[in-house]
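Please read the structure below before turning to the comments.
Naming follows writing order (A, B and C), and every chain is counted from residue 1.
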Amino acid sequence: MDMIFGSAATIVEQLQKPTLAFLIGGMVLAAMGSRLTVPEPVYKFLVLVLLLKVGLGAGISVREADVVALAVPALAAAGLGIAIVLLCSRTLARWPGVNRMDGMATAGLFGAVSASTLAAGMVMLDAEGIAYEGFIGALYPFMDIAALVTAILMAKMSAARAVAAHSVGGGTATVAMGGGAGDGIVREILADTLKSPAISALLLGLGIGLLGRPEQVYEGFYEPLFRGFLSILMLIMGMEAWARLGEMRKVAHAYVLYGIAAPFLHGLMGFGAGLVAHHLTGFSAGGVVLLAVMAASSSDISGPPTLRGALPEANPSAYVGTSTGIGTPVAILSIPVWIALAGAVIGF
Amino acid sequence: MDMIFGSAATIVEQLQKPTLAFLIGGMVLAAMGSRLTVPEPVYKFLVLVLLLKVGLGAGISVREADVVALAVPALAAAGLGIAIVLLCSRTLARWPGVNRMDGMATAGLFGAVSASTLAAGMVMLDAEGIAYEGFIGALYPFMDIAALVTAILMAKMSAARAVAAHSVGGGTATVAMGGGAGDGIVREILADTLKSPAISALLLGLGIGLLGRPEQVYEGFYEPLFRGFLSILMLIMGMEAWARLGEMRKVAHAYVLYGIAAPFLHGLMGFGAGLVAHHLTGFSAGGVVLLAVMAASSSDISGPPTLRGALPEANPSAYVGTSTGIGTPVAILSIPVWIALAGAVIGF
Amino acid sequence: MDMIFGSAATIVEQLQKPTLAFLIGGMVLAAMGSRLTVPEPVYKFLVLVLLLKVGLGAGISVREADVVALAVPALAAAGLGIAIVLLCSRTLARWPGVNRMDGMATAGLFGAVSASTLAAGMVMLDAEGIAYEGFIGALYPFMDIAALVTAILMAKMSAARAVAAHSVGGGTATVAMGGGAGDGIVREILADTLKSPAISALLLGLGIGLLGRPEQVYEGFYEPLFRGFLSILMLIMGMEAWARLGEMRKVAHAYVLYGIAAPFLHGLMGFGAGLVAHHLTGFSAGGVVLLAVMAASSSDISGPPTLRGALPEANPSAYVGTSTGIGTPVAILSIPVWIALAGAVIGF
C-alpha cells in the first residue's frame, strides 16, 4: 500500500518537474501563436553542452566503477538496450501509418534509461531494506548509449533506404541492401553517425570523462547548467511538438499502446536477463529488480537532446510525448511489480 | 540622522553596483569607438533567460503567498502600476520634443518596482522596529507586470496611431481611433503584445512559476545566471545609449525633472492608496510605507530587459538613464519621507 | 627529492586538466572528421565572458592590494612581461620559416603568467616555510596584460608592415617604418588594438574591477562560467590546431627548443630583477623566487582566449601547443631551481 502511494507521489512529482512544465509551456506558446524563438546558434550551443554533460557524467561514473566487476553486467545492459530498440523497430516502427524515423526515435528513448526512475527504484529498495550491487549506477550509461546509437543508426539507415528506394525503384534497392553493398552502406552510415555533431559531442564527453579528470568543470559548470539548458531545450521541443502534433492524429493510439505496454515488456526482458545473471554469477535479487527498472524506464533527460541533435527530422510530439508523457509514469508504477516478482521468484 | 546616513550609503552602493558599472562601461567603450559587439542570437538568448527568470520568480513568490490575503492588495498594486503609467503618458510622454515611445518606456520603468529599493525600505523599517505584512514581497510582481504591459501596449498603440496618421492623414485617423474601430486595434495590439517574444517569455515564466515546481532549476540556473546576463545586457544598453545620447540633447531637462519629481509624486499615490487600505482593512502603517516605496521606486533590474525586448526602438539613454541614473537614487532618498509621513498621519 | 616528486605530480595533474583534455579532444574530433562546430556568435560570447572575467579578476585583485607597496614591483613585473616578448620577437619570431604572427602569439603567452604555476610555486615555498610578500598575487595581472598587449601590438605592426612591404616594395616600406611615419602607424595600430573586441573586453573588465564593486557578479557568474567556457574554447582551438598542424611541420623543432629553453631564460630574467629589488628595497628571497616563477611560467588560462580573440589569424597549434604542451610542464619543473638558486645567492 505504502509502495503504491509512493509510486503515485512520484508520478505527481514527475508531472510538476520543470522539464515537463517547459515542454507543456512551449506547446501553449505555440498554440497561442507566440513569436518567441530560440536562435539556431544558441540551440546548437545548448545541445553541445547538454551532450558533453551526458558524456562526461557517463565517463566519470564508469571510470569510478570497478572495471572487472562491471564488465559482464555492462555487456548485458548494452545488449538489453539494443534488444529493446530492435524489438521496437519490428513493432511500433512498422505499425501502419507510423513514420519510421519517429518510431525509431521513440525506440531509442525507451531503450535508454531514466536516471530518475532508476533512483526511484533504489529508494524503494532501500526503504524495504533490500540490498543490491554498488556498481548498478555505472551500468546505465551502457544501456543508454547502446540504445541511442542503435536507434539513430537504424533511423538513418532506413532514411537512406527510403531515398535509395525512391531513386532506383523499390525492388532493386531492397535487393542491393540485402547483399554486400548493404554492409558498405551500414559502415558509411555508422561513420557518418559517429561524425555527427550530437554523437561526436557525446563520445568526446565520454572519452574525457573516462581518461581525463574533468570533475571540477563537470560539477562547477556542466552539471549546474544542465537542468537550465534542458528547460530551454524542452521549451523548443514543446513549440515544435505542437506544430507537428497534427502528424500524430492517425497514429496516436499506436504510441499510447506502446507507451503503456513497453515498460512492462522491457522490464520483463531486464528481469529475465537479471535472473540468468543471478543463477550464473550470484547477481543479487535487488540487482535483478534494478536491471528490470532500468529496462522498463525510458529516457527523459539525456535522450531528448541526443535525438533532437542527431535526428532533427524526427517529430518530438511522437518520441518525447510517448516517453515523458506515458512511458515514464508507467515505468514508475511498474517498480513494485518487479519487487514483488523478485520476491516470488528469487526471494530476498 | 542615521536614516539619512543610511540612505546616502545605499545610494553609494547603488552607484557601485555592477549593473550601473556595466552600463557606464558600455558608454565608455562606445565613446572610445570600440568594435566590441554582442551577437544578435546571443542577445536574444540573454533576454529570454532574463525574462523567464523574472517571470519564474514572480510566479513562485505569488504561489507561495496566501492568495486570499493577497487578492485586494494585489489589485491595488496593479492599479497603482497602471495609474503611474497613465500619469506619465499625459505628462512626460506629451512634453514637447519628447519621443512618445521613449516617454512610454520611461513610464513603464517608473511604474514598475525596484526590488532592491523595496528591500532597502524593509531594512529601514526593521531597523526602526516597525512591523509590516509578510505578503508585501509578493505584491511587487503585480505592480511590475501591470505597469510594464500597460506601457508597452500604449507605446505600441501610439506607434500604430502614428503610422495610421501618416498614411491616411492626421484628422481622419484621430476620429477613427476614437470610435469602435479603435477597440479592434487595441485588441489587435494587445494580442500582438502577448505574442511578442518578450511578453511571451515573461508570461511563460509566470505560468510555470505559478503552476509548476521549478524551484530547483530557478535556484540552480536562472537565479545565478541572472546577474551575469544582466551585466552583459547593461553593457549592450550602455553602448546603445551612448550612440543615441544625441537624441536626448533637447529634452534632457524634461527627463531630469521627471526623474526627480516622479518618485515623490508616485510615492504619494502609493501612500494614499495604502492609507485607504489602512482605514478599510487595517493594513499596517509599515505596509503603507512599503506600498509608497514600491510606487516611488523605478525598475532597474526586471524592467530594462523587458522593455529592450518588447520596444527595441525606444532609446535606452532616455528610459534607463532616467530610471537607473536619477529615479532610483531619488526613490531611496525618499524612503525616510514615507516613514516620517506614516508616523505623523497613522502613528506606529 | 620530495620537491622533484612534487613537481612530477604537478605535471601529471597538469596533463589531466580539463583544458588540455578538451584541447586534445578537439584535435581527435578534427582528426576523425567530426562535423561538430561551435557557432560563431556563441564563440564570440564565450570569448567576451572569458575576457571580462580575466579583466575583472585582475582589476579586483589590484584594487584590493596596497597601491603604494605595489607600485614599484608592478612596474618591474610589467617591464619583465614586455622584455620577454621583445626577446622572443628577436629570437623565435625571426627563426627562418617561423610565421611571425605565430611567433609573436607564442611570445605573448610566454610573457604572460600561469596562475596555476604561480600557485604551485607558492605551495612549494609554504611547504619549505619560506616567507614572501602578500602582494605577489596582485603582481601577475601587470606582467600578463603588459605581455599580451605588447605581443598583440607587435604582431599587428608586423602584419601591417608585411602588407605595406607587399604593396609599395620592401625597401621603401622599411625606410618609411624607421622614420616619423612609423610613429603614426604605431599610434594607429595601438588605437586599433585598444578598440578591438578582445582588448576592449579585457580593459572594460579591468576598469570595472578597479572602480566598481563587481565581486558578487564575479563570484556568482564570471568565475563559475570561466572554466566551462574555457573548456569549450579549448575544444574549438583543438579542432583548429589539428587543421593547421601541417603548417608546423618544418618549424616544430624551433617551437620545441623555445618551449624548453624559454622558461629557464625567462626565470633567470625574473630572478635577476628580483635580486636587484632585494638589494635596493629588501624584497624577500621568497618574493625573488616567485618573480622568477612568474617570468618562467607561460599563460594557459587567460592568454589563449585573449590571443584567439585579438589575433584570429595566428595558429593555435603553435602558441597553445608550445605553451600548454611544453612551456607549462617545464616551468613547473624549474620551480625547485629558483628555490635552490635563491638559497645559494640570498639565503633564507
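Some observations on this one:
Here is the rule we use: contacts are C-beta pairs under 8 Å (C-beta built on N, C-alpha and C of every residue); 3 or more make two chains touch, one makes a residue touch a chain.
Which protein is which chain? UniProt says A, B, C = Sodium-dependent bicarbonate transport family permease.
The model shown is predicted, which means the values in this text are computed figures rather than measured ones.
Subunit A and subunit B touch with mostly distinct residues; of the residue numbers seen at this interface, under half occur in both copies. Between the two copies, subunit A and subunit C, the C-alpha superposition involves a rotation of 120 degrees in steps of 5.
Distance between chain centres (mean CA atoms), subunit A to subunit B: 44 Å. Residue numbers of subunit A whose C-beta contacts span two or more other chains: 39-42, 224-225. Across the complex, subunit A is touched by residues 39-42, 44-45, 48-49, 194-197, 200-201, 204, 207-208, 211-214, 216-217, 220-222, 224-225 of subunit B. Of all the residues in subunit A, the ones that touch subunit B in their complex are 13, 16-18, 20-22, 25, 28-29, 32-42, 224-225, 227-229, 231-232, 235.
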